[in-house]
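The first chain written gets the first letter, and so on, giving A, B, C and D; residue counts start at 1 in each chain.
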Amino acid sequence: MRYFDARVIENRSLGGGYFVLRLGGCESLTGSRPGQFVMLRGDWGRDPLLPRPLSLLSVAHEGRADLLVKVVGKGTALMERSPPGSRVSVLGPLGNGFPVPSADVADLLVAGGVGLPPLFMQAESAGRLGMANGSEMLYGARTSRDLVLLGEIRALGIALRLATEDGSLGRRGRVTDELEARLDHWRAAASPRRLRIMACGPREMLWAVGRIAQSCDIECYLSMEEQMACGIGVCLGCAVAARTRPYLYVCKHGPVFPAAEVMAYAPAASTSQSEGGAQ
Amino acid sequence: MTSSLDTREEEAPALHTTCGGIEFRNPVLTASGTFGYGEEFDALLSLRSLGGLVTKGISPQPRLGNPPPRICETAAGMLNSIGLENVGVEAFAREKLPFLRSCGTRVLVNFFGTTFDEYVDCGARLAALDGVDGLEMNVSCPNIKQGGIEFGRDPTVLGDLVKACRAVVRKPLWVKLTPNTSDIVSLARACADNGADAVSIINTITGMAIDVRTRRPKIATVFGGLSGPAIKPIALRMVHQVRREKIPIPICGIGGIQDGIDAIEFLLAGASCVQVGTQSFVDPASAERIVREIEEHCRAQGVSDVGELIGALETGK
Amino acid sequence: MTSSLDTREEEAPALHTTCGGIEFRNPVLTASGTFGYGEEFDALLSLRSLGGLVTKGISPQPRLGNPPPRICETAAGMLNSIGLENVGVEAFAREKLPFLRSCGTRVLVNFFGTTFDEYVDCGARLAALDGVDGLEMNVSCPNIKQGGIEFGRDPTVLGDLVKACRAVVRKPLWVKLTPNTSDIVSLARACADNGADAVSIINTITGMAIDVRTRRPKIATVFGGLSGPAIKPIALRMVHQVRREKIPIPICGIGGIQDGIDAIEFLLAGASCVQVGTQSFVDPASAERIVREIEEHCRAQGVSDVGELIGALETGK
Amino acid sequence: MRYFDARVIENRSLGGGYFVLRLGGCESLTGSRPGQFVMLRGDWGRDPLLPRPLSLLSVAHEGRADLLVKVVGKGTALMERSPPGSRVSVLGPLGNGFPVPSADVADLLVAGGVGLPPLFMQAESAGRLGMANGSEMLYGARTSRDLVLLGEIRALGIALRLATEDGSLGRRGRVTDELEARLDHWRAAASPRRLRIMACGPREMLWAVGRIAQSCDIECYLSMEEQMACGIGVCLGCAVAARTRPYLYVCKHGPVFPAAEVMAYAPAASTSQSEGGAQ
């Protein structure tokens, strides 16, 4: 973990408020694991004050790091407007990351919306290890506009299955519907490889994924989000209720947690479904 | 380091300062709850470059803290309601102190209790530990016996508490005052009258924020403590009010410090040293940078000893 | 206006609200000292679009105010020490009121005195004026008889002052509370118990800032009043504290409101209406925009009457 | 006076921290008088919070307005970085402005540093009225780097005399030294036209100009600066001690004041000189 200045070397808009920020000067991020994140702050005075947590999308040689960001508020809006050459402060890599791909395990990478980056990086890493074709990525969002980097994902050599709530691309419905379908398929196929689920996305989606995994007794990892101030475990701000301890910290013990660790305090299915549906 | 190369050695301004019975290399400490137990920052700045650090608040027993969400951002500030979560005295001594003993800077341990007895017990046990340079008493805790009102809000209660802790703490004892008061001077006086070595001014100011979509507070406990640049004018005012009344113990100034200029404002207002809090989240290397900026300011203004700045505000009165 | 074209007439959410005996077209007023006597803003926004306006504080006699510098900027806020400069009751009635009578919105006159008698005299004379819809009493003034402590800081003094003014003011009488207190609830209760029609929460918070180069305060009077977004979490907390205690008079929420969302936070916390202060300097048309943003929020959230929002915070208790 | 959105259409750096911001969409500023100013705020969130007062440098047809700005802090630094297309909020024109040029009066326009804009606009206006050649501009600054727009000033047809403290351009010394020299000259020349002085610049310079004018009994106008919040006379923040009333407001009664109005509270010459000299 290092704290350093980096520069935006490219800022590529993907439409729909999504953009990829390519940073230079990130040598210290070499060797980061998929699922790890950085705290990032631009050169923008006191508004907003705190740095923003962003997952790594990809880390390349020569100190290049890519982030996939969606505009949701002030900080991300300022990032979207950062031209190449802008200075940003970076603290990272932070957090634990996903388990490494393994030859005897088939990973189902479940991404919801802007939860894509850690799973993209996981797929990239699986590809590098020659294990991508055993796994698949399920990627869902509201509309086709929210499904980004599809070409790049396919280029990683991983099977990609899409879902949109409005049916504009892939399955009409939630990514968890697709997950259930795929689990049926895998069970029917009676693959010799053990199944494992890794998910990142909105909280309701994570709970739904966790419940599916629990009901099928499949190993499952969820990448969680919480409000963060420090990113390094000192402010104790990013607490999540956990099973083995009253609270764990997303920035330090996570962001990736075994589902069982955090599912204990997930709301009951019905509530969560209706909350999600009320949108 | 670099800057001392620019100029002849003898011109380097003296930065050391004494506050509440402790000598510091320079007047920049890091504030309780924003710097963990120091370890996490070892990779981010040189701990040896700091005047000192103040640990997360310790209580006699470990505490779990409040349910999430615990923090949210506000205009030039943040709210927190961590709930005084900490590892407790024992685990602190066992797991955190070994690192702190060799970290190369002064270590103050922030502590609290939920009853009078807990305060006294905690203070006594911490003061007995080797490697602890001093204690900072956090009196912004709800006093369960008094209907949850903070211990530090009433000068009489506060004075009694300070006296009780003073009797068992043979190390420097600082008291960190709550700004949720109409009369900071009386609180400071109660500390001085009852044997405190210094007052730290200020702790966070109670605030709240609401998520208008869900109609719920942004912090699970409804209220939280406001910190950051937003509160600097209030903190500075309180430091100066206490200084002006010539309370006979020194002040450690805290609240919204982001850079060397902010720190110097506190020194001019009457603080003998300062603590950097929320800014360590904004810029984890800020405390070290602030030391450098104070040094640069002294050079630029021809100040040979940072002590010249303390209380040097000119109000024309 | 424009937005009502988008949607069918019957869907327009009801925005009118009543607070402290006054009916308002909508819950957005402009705050004392930040909107002059209304006239200057006539070219910048539609006064008729506002719920109301509160004038600069008026005293029985004209007052000169403090020496410059009187203002400075701080993080997400500003300090001011205008010194309650104003034209006095007579000139107000002669020069300012004619415009206000026909400006198309509710007019509250903010007033103060430097003694009990001045308060009573001022209140009585202003209440007698045609075109004044209500009075807002500013109790954050130094009470010379009490060593310069603000009138509004002690619940007993405040209660007596409110009672005395109430006896002579037959129009709605609001009291604007000082946040420089450890107990806003007691202050609000003293107002309710002595016949005030509403409380305005909050006035500015005492703060200071220092120019490190000159070593002088940035405000000539050393201390000034902090306003702006920086104080919003504190203001919101105080509004909610008073609301929670079920003090039986309504609250007008003030402090750092920049947009419709901020205003709605205050309504949810328990305010029946709000005042926009410093933001009128940042964006002189903001009060009108905030009305629009509240309306949009109501539409988007399916709120048919803004009254549904008042005190609707869900704390899960 | 109007409150409106404008766009940066050009942002020209002049070096040394000076730049000219050309705004489009300023139709409402047509007819502004030299010495009037605007309150300007960029699209930059809450830091800094308040708009910044800036004098008009020039107002042209088709809603174009030029401002000359020097970077001194956060707000001006953000303005310097505003690319063409940036949105700014403008409130103006504000304040009173200088007296109009007159055929029987010779105006000495005394500009110190970034005090140039109102006097530039005054010279421009004199030029338009065909009276520029009767007047002259005295323009001083620390170094030649701080003397900007010299070609543009000369193009207005007004005589230009320069002074720099380091002697790098024009007279070595203060612009007030040049002013005294010119007054000697005008007196010697016994011109039939009445002399008048208009000045804008650092406060010490204004007091010095005011004292010179008083001692020679010459009509003199000073453009003052104070911290401002509203710009329209409602916050009462920009008070200056005055002769006819305890306080006048820079934004409302000024920024241009007859010297006698504000000189009453100017510090004694010696103090001011030594203060200035101590820099």
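Quick note on the criterion: contacts are C-beta pairs under 8 Å (C-beta built on N, C-alpha and C of every residue); 3 or more make two chains touch, one makes a residue touch a chain.
Predicted model, so just to flag it, every value in this text is computed and none were measured.
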- Item | chain C reached from chain A - shortest hop count over touching chains | 1
- If you take the chains that touch chain C and keep only those that also touch chain D, what is left? A, B
- Query: Which pairing of chains gives the most C-beta pairs in contact?
  - Reply: B-C
- Message: Need the CA-centroid distance for the pair chain B / chain D, whole Å please.
- Response: 46
- Note on the structure: chain A to chain B, mean C-alpha position gap in Å, rounds to 37
- Message: Could you work out how far the Cα centre of chain A sits from that of chain D, in whole Å?
- Response: 55
- Query: Which residues belonging to chain A are in contact with no fewer than two other chains?
  - Reply: 46-48
- Note on the structure: The positions of chain C in contact with two or more other chains are 75-77, 228-229
- Viewed as a graph of touching chains, is the assembly arranged as a line, ring, star, complete set, or other? complete
- In the complex formed with chain D, which residues of chain B make contact? 75-76
- Task: Within their complex, state which residues of chain D touch chain C.
- Result: 1-3, 41, 46-51, 89, 91, 226-230, 232-241, 246-247
- Which of the residues in chain D come into contact with chain A in the complex? 44-48, 74, 78
- Which of the residues in chain B come into contact with chain A in the complex? 33-36, 40-41, 43-44, 56, 64-73, 75-78, 80, 82, 85, 228-229, 258, 278, 280-285
- Query: What does chain D use to touch chain B in their complex?
  - Reply: 46-47
